[in-house]
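These notes open a run of structures that come right after.
Here chain A shows up in two complexes: once beside chain B, once beside chain C.
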Partner chain A sequence: MGKVTPLSYRYDSFVLFQIDVRCKIICIFFLSIVIANAHFLQLYLITAIFSWLLYRSGFNIRRLIRELKYFFIIVIFLFIIRTITASSSHISIPIFGFINEFKYIEIDSVKIDLIGILNYINANILTHIPIDKDGLTDGCQVSWRFFLIVIMGILFSSSTTASAIKSAVMWFLKPFPFIPKKRVAVMVSLFVRFLPLLLEKATEVSDAQKARCFHLRKNPVKKIKNITVPLITKVFNSADNLAIAMASRCYNENRTEIAEHNLLRPSGYEINFYLGTIALVLITLFI
Partner chain B sequence: MSRFEDKIGKNIIEVKRLSHIYGNTDRGIKNISFGVKPAEFIVVAGQNGSGKSTLFRHLNGLLSPTSGEVWIHGKTVSSNLEYARQIVGMIFQDADCQIVGQTVFEDAAFGPENLRLPIGEIHKRTNNALKQLGLLHLKDQNPATLSGGEKRRLAIAGVLTMRPEVIVLDEPFSNLDYAGICDLLSSIIWLHQAGHTIILSTHDIEKVIFYASRMIIIHQGCIVGDDKPEILLKEVEKFGIREPCLSKLGMNIIPWDK
Partner chain C sequence: MNISKELRMTVYSSMFAALISVGAYLAIPIGPVPIVLQNIFVLMAAILLGTKWGGAALGLYLFMGACGFPVFAGGTGGIGRILGPTGGYLLGYIPAVLVTGLISDKIGKNIFGDIIAMFAGSLVVYIAGVPWLKLATGMPWDKVFIVGMYPFIIGDILKIVAAAYCIKFLRPLLDKNMDKS
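Our next item is the complex of A and B:
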C-alpha cells in the first residue's frame, strides 16, 4: 500500500471535504491576512479551531507531529532568529547554574571541565546576543503564525483534490481575458499534486540511507548532497513517467473537465465558513 | 457478434522494420517486423533490457522510431497519435507512475476527458469500468491508499474507459504478491474473453503461457522467435528466459493460478 503523507488528499465525509473549493480559497485568503496580523488571543482561537478541524478530519495528531518533526526544527530556528533580531537589550540568564554537581565529565579517560566550557560560552557568546521580553514575544508570535499557516495548508491540501483546485483557479481567472486560464490551472494543480510526491520520495531516500547508517555521518554538506542528488533524480524520473502516462492517455489542453461540473457545487455549509472567517477578521481588527 | 470479429484476418497493428537506437549506444530495438491480429494473446518474452518496453512505447507513439514505422488499421502511428492511443491502451510496469488523478474516479475518467467526450458519457464509461474491475466502492479514495493489485486494476480501468481494441501490458506482474498476481491474471483473462487483443511482456512466462496464443522472443533488441508457445518453449532458456517447470518435466502446461 502506498504511503499517504499529511499533504496527500484523503477522502472523508467531514464537512471540510464537502464544501466548495472556491469557499476554501476565499477563507484561506482572509485567514492568511488574519494570521499574519494575529496576536496571542487570535492565535489561541485559530489554533483551537484548526485543532478541531484536524481532529474531525481524521488526522492522528501524534502521528502528524511525528511526521512534521523536521518542520518543527524550522519553527524553532525561526523562533531563535526572530527573538535575536527583534531584541534590543540583553538579559542575564543563569542558564547553566543547575548543573553544578556535574563539574567534570570524563570521555576516554580525559577529564573535561564542563562548567568551565559552559561559563565561557555564557560569558563570551550568549551575553553578546541580545535577548529581551519583546524579542521573545515577537519570536513566539512569528513562529506560531508560521506554524498555523502550514497547518492551514495541510488542512487544505488533504481535503481538496488537485482537479478541484484547478477548476477553482480557472473560475477565479475567468474575468481576466489575457491570462491562459487552463495552463495556469494545470500548473497549479500539478504543483499541488507533486508536493506530497516530493515528501514521499524524500522519506524513501532518507530511509534507504538510514538503513546504511548514513545518520552516523557528521558532515552536514555531505549529508545534504547525498539526500538531494538522489531525490532530484527520483523526482525528475517520476515527473517524466507521469508525463509519458498522461501522453499515452491522450492528454491535451482542450479536454472535457468533469471536475468543473462536479466540484464547483456549493454544499450548503459554506455560509458557516464565511461567517467564521468574518468573525475572525473582526476580532483581529477590533481586539 | 463481437465488435472485433468482423475484422478477424486483418492485422490491427503492423510493425514494419522498426528500429530505435538510444544515443550513440547499440541499445534499443533493431529491424523489428510483425503483425497483430484481433483477439490474439501475445506474450513478448525477453530478459531485462532486451527492448520490450521500447517496442511497446512505439505501439502508441510514445517514442519516435529511428527508422521503420508502426501502422494501426492502415494508419501510421506517427501522424495519427490520438487515434493510435485510443486503439492501443498501455499499462505500464510501475502502477504508481501512471496514476494521474487524486481519486480513483478522477484517475479512471482521465482518458475520456482527454477525448472530449460529453460529461454523461464520461460518467457512464468510468462507472462501468470501475464496476467491471471491482473498484466502484473505492471511487472516492486516494489511489495511493490502494493495494498493488488494486492499483494495477485501476490502471486497466483507466485504459478501458477509452475503449481500446488492443491492451498492452508492460511487465504487469512485477512487485505483486501471489494474491495480487492471481487477481490481475483473472482481469487479463476476462479482458481477452471480452474480445480485447492482449500484448503482454514478461521475463517470467510461467504465469501467462497457458493463456497465450502466440509468443514473441526478443533478445538484444531483435526478434529471435515468433510462433505458438508450445513450439518455442524448449528454446527460451537460450535467451535468458526461464522455461516453465511443467514444460521442463515434460508435462502439459496448466493454468498458473489454478
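Our next item is the complex of A and C:
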C-alpha cells in the first residue's frame, strides 16, 4: 500500500475538512500575506490556531515531526544563517559556562581537554561570528514564519480533495473567459495526483542509487544525471499510462462534470474562518 | 492507442509542474552548498515541452504555490512568497521558459543549442530576481549580488551541463511517445 504522506488527503469529520474549499483558498491567500509580515504577537496567535487545527484534525504529532525531520533541519539552518546575517555586533553568550565541572573527558583511554577545545572554538570561531539581539530576533521570526507557512500547506492539502480543488479553480477562473478553465482544472487535479507519486518515485530512485554506491561518486554532473534521468523516465512512463487510461475512458473537455454544488458546498462555519482571517489581517496592520 | 497530442501534453505539463515542485525537495550534496533541482526542471520543461506547454507547466506551478501549496523552495507556499524578496526569481521563471523555448526552437534540437538556450534562460531568471531582491530588501548592489547571484553561478553551470546531458537521453523517449499520438 502506498505510503500516506502529510500532504495526502484523508477524511475526517472535523470542520476544517467540511468547509468550502473556496473559503480555504481565500483565507490562505490572506494568511500567507499576514505570516510574511507577522511579528511575535501575530506569530503566537497563528501558532496557537494552527496547533489547535492540527490537534483537532487528528494528526499524529509524533509522526508528523518524524516525517518533517529534514524540514526542521532547514528551519534550524535558516535560523542560524538569518541570525548571523542580520547581526551587526558581537555579544558574549556564556554558552559553555555549564560544563566547567568537566575538565577532561576520556575516550578510549585518551584524555581530551574539553575546556581547552571550547576555549579555542570561542576565541577563534565564535568571536568572529556576529550575533546580537536584533539578529536573534530576526532569525527567530523568519524561521518561525517559514515553519507556519509549511504547516498551513499541510493543513490545506491534507483536508482538501483534488476534485474540490479542481471545482474551486474553475469557479475562480469564471471571470476570465480567455483562460481554458476546464483544462486548467484538469491540470490542477493531475498535479495533485502526481505530487505524492513523484515523491515516492524520487525516494525509490534515490534508494536504488545509494544501493549502487552512486552517492560516493565525485562527478557532480553524473550525480545529477543519475537522479534525473531515471526519475523523469519513470514519471514519463507513468504519465503516458495515465494519458492512455484517460483516452481509453473517452476523456474530453466537454464531459459531464460532477455538479459544482456537491463539491463547493458551504458548511455554515465559513464565516468563523473569514472573521478569524480578517482579525489577523487587522492585528497585523494596526499592531 | 491513438491519443490526442493535446491530452498527452496536458498530462506531461502537469507532470512537469509537479516535478518542478518536487525539485525543491531534491537536494544533491555537492560541496558545502547542496544543489536543488528545481530550476533544472523549469529549463527542461521549456526545452522538452516547448514554449507553450512548458509555460503552462510553470503557470500551474506558480498558481498552486500562490494558492498555498508548499511547492516553493524549502517547502513554502502562498502569495506572500511571490511578493517577498525571492519572488523575482519565481516570476522570472516565466520569461525564462519563453526565452529558453524560443532559442531552443531557433537553434535546433542538439546539445549545444540546449546549453545556449538554458544559459539564456538562467540569465533571464537573474535579470528578474536580482533587482527584485534589491528593491525588496534595500541592500546595496554589491551585497545583493553576493547574496542572490554569485553563490549559485557554479551550481547553475553544473546543472545546465547535466540538464543538457539528461535531455539527450529523454528527448528520444518523448519523441517516441509523441509518435504514438
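Everything below uses one rule, namely that the second predicted complex is superposed on the first by the 208 of 287 C-alpha atoms of A that agree within 3 Å, B and C clash if a C-alpha of one lies under 4 Å from a C-alpha of the other, contacts with A are read in each partner's own complex, and residues count from 1 in each chain.
Assume a residue touches a chain if its C-beta (ideal position, glycine included) is under 8 Å from a C-beta of that chain, and two chains touch if they have at least 3 such contacts.
Since the structure is predicted, the reported quantities are computational estimates derived from the model, not experimental observations.
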{"item": "Which partner, chain B or chain C, touches more chain A residues", "value": "C"}
{"item": "Contacts of A:Tyr9 with chain B and chain C, given as first, second, both or neither", "value": "first"}
{"item": "Which of chain B and chain C A:Arg249 touches, first, second, both or neither", "value": "first"}
{"item": "Touching partner for A:Ile84 - first (chain B), second (chain C), both, neither", "value": "neither"}
{"item": "First (chain B), second (chain C), both or neither touched by A:Ile25", "value": "second"}
{"item": "Which superposed partner A:Ile61 touches (first chain B, second chain C, both, neither)", "value": "neither"}
{"item": "Touched partner set for A:Ile117, first chain B, second chain C, both or neither", "value": "neither"}
{"item": "Touching partner for A:Val188 - first (chain B), second (chain C), both, neither", "value": "second"}
{"item": "First, second, both or neither for A:Ile271, with chain B first and chain C second", "value": "neither"}
{"item": "Chain B versus chain C as contact partner of A:Ala162, first or second or both or neither", "value": "first"}
{"item": "Shared chain A surface residues [contacts with chain B and with chain C]", "value": "238, 242, 244, 246-248, 251"}
{"item": "Parts of chain C lying in touch with chain A, wherever the complex brings them together", "value": "1-4, 7-8, 10-15, 17-19, 21-22, 25-26, 28-30, 35, 37, 40, 44, 56, 60, 63-64, 66-70, 74-81, 83-84, 147, 158-159, 161-163, 165-166, 169-170, 173-174, 177"}
{"item": "Residues of chain B defined as touching chain A within the complex", "value": "57, 60, 62, 82, 85-86, 90, 92, 94, 96-103, 106, 109-119, 122-123, 140-148, 151, 158-159, 162"}
{"item": "Complex contact set, residues of chain A against chain C", "value": "7, 25, 28-29, 31-37, 71, 74, 78, 85, 146, 149-150, 152-154, 156-157, 165, 183-184, 186-188, 190-191, 194-195, 197-199, 202, 215, 220-221, 223-225, 227-229, 231-233, 235-236, 238-240, 242-244, 246-248, 251"}
{"item": "Residues of chain A that touch chain B when the two form their complex", "value": "1-4, 8-11, 161-163, 193, 196, 238, 241-242, 244-252, 254-259, 261"}
